[in-house]
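In what comes next, subunit A is part of two complexes: it sits with subunit B in the first one and with subunit C in the second one.
What follows is the complex of A and B.
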């Protein structure tokens, strides 16, 4: 265990160094995509923890990201706190909201939970339009400031975003991985695959589910804060239903139980707009094609993955473990 | 007067929620899937209705065309996607989750396809009768001839459904296939075919809901998302198992929301619907008409 943990730490450091060097050689667009990639990785990690481990489904994580995004911006603009503090506030406030939601969610089964969280994803972002403190349709500006002077004069804004996002993503994936291999991760897995045996062996199912929902919400809140930072502002339209769909797709692509697979899911999500642009260009480049092709491809990938690899490569291993 | 007209407005919007709830319940009963793609199927059918209206300027032609289109789309979804899914995903942890994710993917697929064909800008068409409220003496109430038309159309659709379900052999097969598929199959019911018919009925109901609601809003690839959510809330109020429950649940929700909009605040409509949803699920998960244990998936 300890050995594998130190190997993992080494891998993280290597990835961090690689990301650092890459950000210096690739062009601005790729650097920005790197920031988006980090946002998706964090968002997908929240779904992997919730769905892959605790077995609860959520179609409403886009709404939780909205809560995180708005919290971070409000904290930053009103209290003038630094970026790490505003991110921490986003995590805490979304986790708090998630604990209330999770209390209700722990009592709901599959399709009911899916419908309830879908309702949240449809309704919550538009609610922001109705409160003037949230800036309505125009939203609120989020200016984290220029990169520190010490990084040199040619250090661009996007690179600064990328550094912040990549660092946050590395830390969160590291923490999540540790949670998932801890006592709690094992409890969630047991609860997911055999709820009755799990409660017989002393796992408090309800409490365990609420805990998973709370942690997952906190992570989603951070993803939301990172997303609005890269966008420079927070608006209700930054959190469309398709965002919730996209992160579920990213998680499902890797079989929902694998954080490393989540990185591949995130890569696919970041690549989809580029691929769609390419295809749309070949199809005549009409605005209505290029605006809808990314959603089309994402949905298609989602359906095909579930039909072809319903349990994902990892998940089936998990099940055979259980039955042995 | 204000009370009475709020009640009527609630009845009219509730009638539309009922149709959507009915569509969800029909599929849930026959296939054990909450069909999130229903909003997509309905939006595609509504765009087809819009196409008919913009060509012929005839609402009365568009409504049946959309209904048939909706039914065909519903049947197609079942045959092409849900049957395949049921064949491929039989057990394992994904079995419970797979239908949810597939219908969600289908919703995205249909929405973006509609967007690619008709674009994302808002479309609109006029109601066949006026949208201005009835006038009694000097006072005009918000309830309009069009609202009345909505209620009548919804009542007709539901009456036809209940006759089919209660009085015909097809209805008996539909109910048998939903409750005891194995025994129904033994008794000679072609369960797969009957299920597909259930999906077709649901698609038709959703299409009517979409065509009816659009003159009061506008039409865009995602304009029915909220209707899907409200239909789901209505269906849950009614217990998700019962067609009558869905009809009542939709109307109860419509009237409740109308009163909140009128007397409390316009910004509270969605949060109240959400709170109602959570409360019903926590306190009486089997719904107002459901039997005990109705929640089990």
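What follows is the complex of A and C.
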């Protein structure tokens, strides 16, 4: 295990170096997409942990991202904390909320859990409209400031976001990977495949589920904080229902038990708006459909993946297990 | 054993990431001649706009891009701007700030437009200013479609040029009008609960008008049910004169609900939501609109005796087939005509900096349909400052009080409301700028 860890660390360092090198070569749009890619990778990691390992389904992770986003912005704006601290606050506060939610979630199964979390995704972000401290539909500005002068005058804002996001993503995926290969990861897998035998062998099912939900929420909170940083703004409209679906789709796409595969899922999610633009351009009347086409494509991919790859991605199996 | 599978997976993932990123990076970037500014080539000038084409705020505004393109095509067919044809890249932001940010990123980084023109929405323009940061990138954002007074702050929004009179100006003028004509009546106000609405409240306060009942609504929350609730509050408070300071869809909802609940009041509609064609399309009965009052900074779109209206109607018929000529089309064409003048003033090899310098030195003399002057200068980004007040007739056309345009002007501060003689440059021959 020690040897495998050091090799894994090496892989992460290689990826970090590749990302650093690439950010200096590609144009600004790709750099910005790289930041979005990092956000999706982290969000998908939270689903992989929750669904792929602990066997719980959530269609409401967009709402948890919203909690992370708002926590980071409120902490940054009111307490003037630095970016890493505001990200840490986002993780902790979302994990706290997730642990409460987890208590309820542990009692629910399959479609009931999906429905409950879905309701959260629909309702929670628009709550911000009710409290003026959260800025309403207009939202709150989140200005992390210009990149340090020492990086040079050519260093763009988007490259700065990318560096922060990529570093945060690498660290959190590294930690998640370690959690998944730890005894908790093994407990979750045992619980997912055979809950009864798992509990017979001494695993506390309820506690394990809550723990998984808590950690997964914390990771989603970080993704939310990263997302609002790239937007410079937090508003309810940053966390639409389609975001929750998109990250589940991303996780399913590359096999829901595979953290590394999440990168592919995230790449597809980042590419979807471009594909939508391309399609819309060919269909004519482009402008009116290009804003809504991405959601359609995401749903289509989700359906097609589940239909055509019932054995590959594990989500479909999981749902049928649960509903029996 | 487990470990080795994982290594493979991690390695595969790493390799995939690196390959994918490399592939992306080798995609051909759009090639530009080094002699021209971004978005300008020997034969074209590329502009961009973000505006709601779908979603709750879309009705009415979704006509703007086509009307702007129609005017640009008309100019293109008549020689273009210094030989270059203008193209307009249109992006739908569904009136969502986050989508506006994403779409403006596309305009700047992918489509590489020369400038953004007519971007709509207070919250959207604010979000774009802070995230995409057009100011720091030196990208002009011309004639934005919002009257939020804050955008005239040159230090905060150095490349943003508002055109519409601010909402504070509009509310001050309306307030003065209410004091002069409806003293002693019970007053009601419906407003959008954001910067758009807070500007309105600041204006009414400056004018010394107090409302007996105020009904705020959250952007995007307008529906038939909420309309009934607003009217219920107005009715309960016995409001006799009601100002609606909201987007078209909210104004439509309020009027339709009052018709359904047979609530009668003297309505005064803000310019943002006061387009009769849009309101009718939203299901507002003609009867309730008749006699309602409104404020506008452009001549009435139904006034065919006006030389600007006549020319724009003509272009609309030929280049924008099927579109009803209304306020949205009028604002779009007026904006497009100002854009052409700004581009012409920027010279034969336009740069972004040159465009903004030209606007500040010559913008005040540009021909435009409004009776209000344009106050651009090296120290001011304030556009129009005046409104006239009118009444909707039975066919939904708003005509000036007393049959002739009286322009009220004021500022966004404590300045008084004045009436001035309507004066503006003549429409250039055939509607083609010759500045």
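Operating definition for what follows: the second predicted complex is superposed on the first by the 310 of 324 C-alpha atoms of A that agree within 3 Å, B and C clash if a C-alpha of one lies under 4 Å from a C-alpha of the other, contacts with A are read in each partner's own complex, and residues count from 1 in each chain.
Note that in this section a residue touches a chain if its C-beta (ideal position, glycine included) is under 8 Å from a C-beta of that chain, and two chains touch if they have at least 3 such contacts.
Quick caveat, the model's predicted, so the values are computed rather than measured.
A.B. asks: After the superposition on A, what does A:55 contact: first (subunit B), second (subunit C), both or neither?
C.D. replies: first
A.B. asks: Considering only the touch criterion stated at the top, classify A:235 as touching first (subunit B), second (subunit C), both, or neither.
C.D. replies: After superposition on chain A, A:235 lies in contact with subunit C alone.
A.B. asks: Applying the document's definition of touch, where does A:122 land relative to subunit B and subunit C: first, second, both, or neither?
C.D. replies: first
A.B. asks: Check whether A:15 is in contact with subunit B, with subunit C, with both or with neither, and answer first, second, both or neither.
C.D. replies: second
A.B. asks: According to the stated criteria, A:303 is in contact with first (subunit B), second (subunit C), both, or neither; which is it?
C.D. replies: Once the two structures are laid over each other on A, A:303 reaches subunit B alone.
A.B. asks: Counting only touches as set out at the top, which of subunit B and subunit C does A:252 meet: first, second, both, neither?
C.D. replies: first
A.B. asks: Using the touch definition from the top, say if A:292 reaches subunit B (first), subunit C (second), both or neither.
C.D. replies: both
A.B. asks: List the residues of subunit A that touch subunit B in one complex and subunit C in the other.
C.D. replies: Residues 287-288, 291-292, which sit in both footprints.
A.B. asks: Give every residue of subunit A touching subunit B within the complex, in rising order.
C.D. replies: 51, 55, 57, 59, 104, 107-112, 114-116, 118-120, 122-123, 126-127, 130, 192-193, 241-242, 245, 248-249, 252, 287-289, 291-296, 298-300, 302-303, 306-308, 310-312, 315-316, 318-319
A.B. asks: For the complex, which residues does subunit C have touching subunit A?
C.D. replies: Contact set of subunit C toward subunit A: 2-4, 6-7, 9-14, 16-18, 20-22, 24-25, 29, 53-54, 62, 65, 90-94, 96-99, 101-103, 105-106, 109-110, 122-123, 126-127, 130-131, 133, 136, 193-195, 218-221.
A.B. asks: Would you mind writing out the residues of subunit A in touch with subunit C in their complex?
C.D. replies: For this pair, the touching residues of subunit A are 1, 3-4, 7-8, 11, 14-15, 18-19, 22, 25-30, 32-34, 129, 136-139, 141, 143, 157, 181, 230-233, 235, 237-238, 258-261, 263-264, 267, 273, 277, 287-288, 290-292.
A.B. asks: Show me the residue ranges of subunit B that touch subunit A in the complex, using the header's touch definition.
C.D. replies: Listed in rising order, the residues are 28, 33-34, 36, 81, 84-85, 88-89, 92-102, 104-109, 111-113, 115-120, 221-222, 225-226, 228-229, 232-233, 236, 267, 270-271, 273-274, 277-278, 281-282, 285, 295-297.
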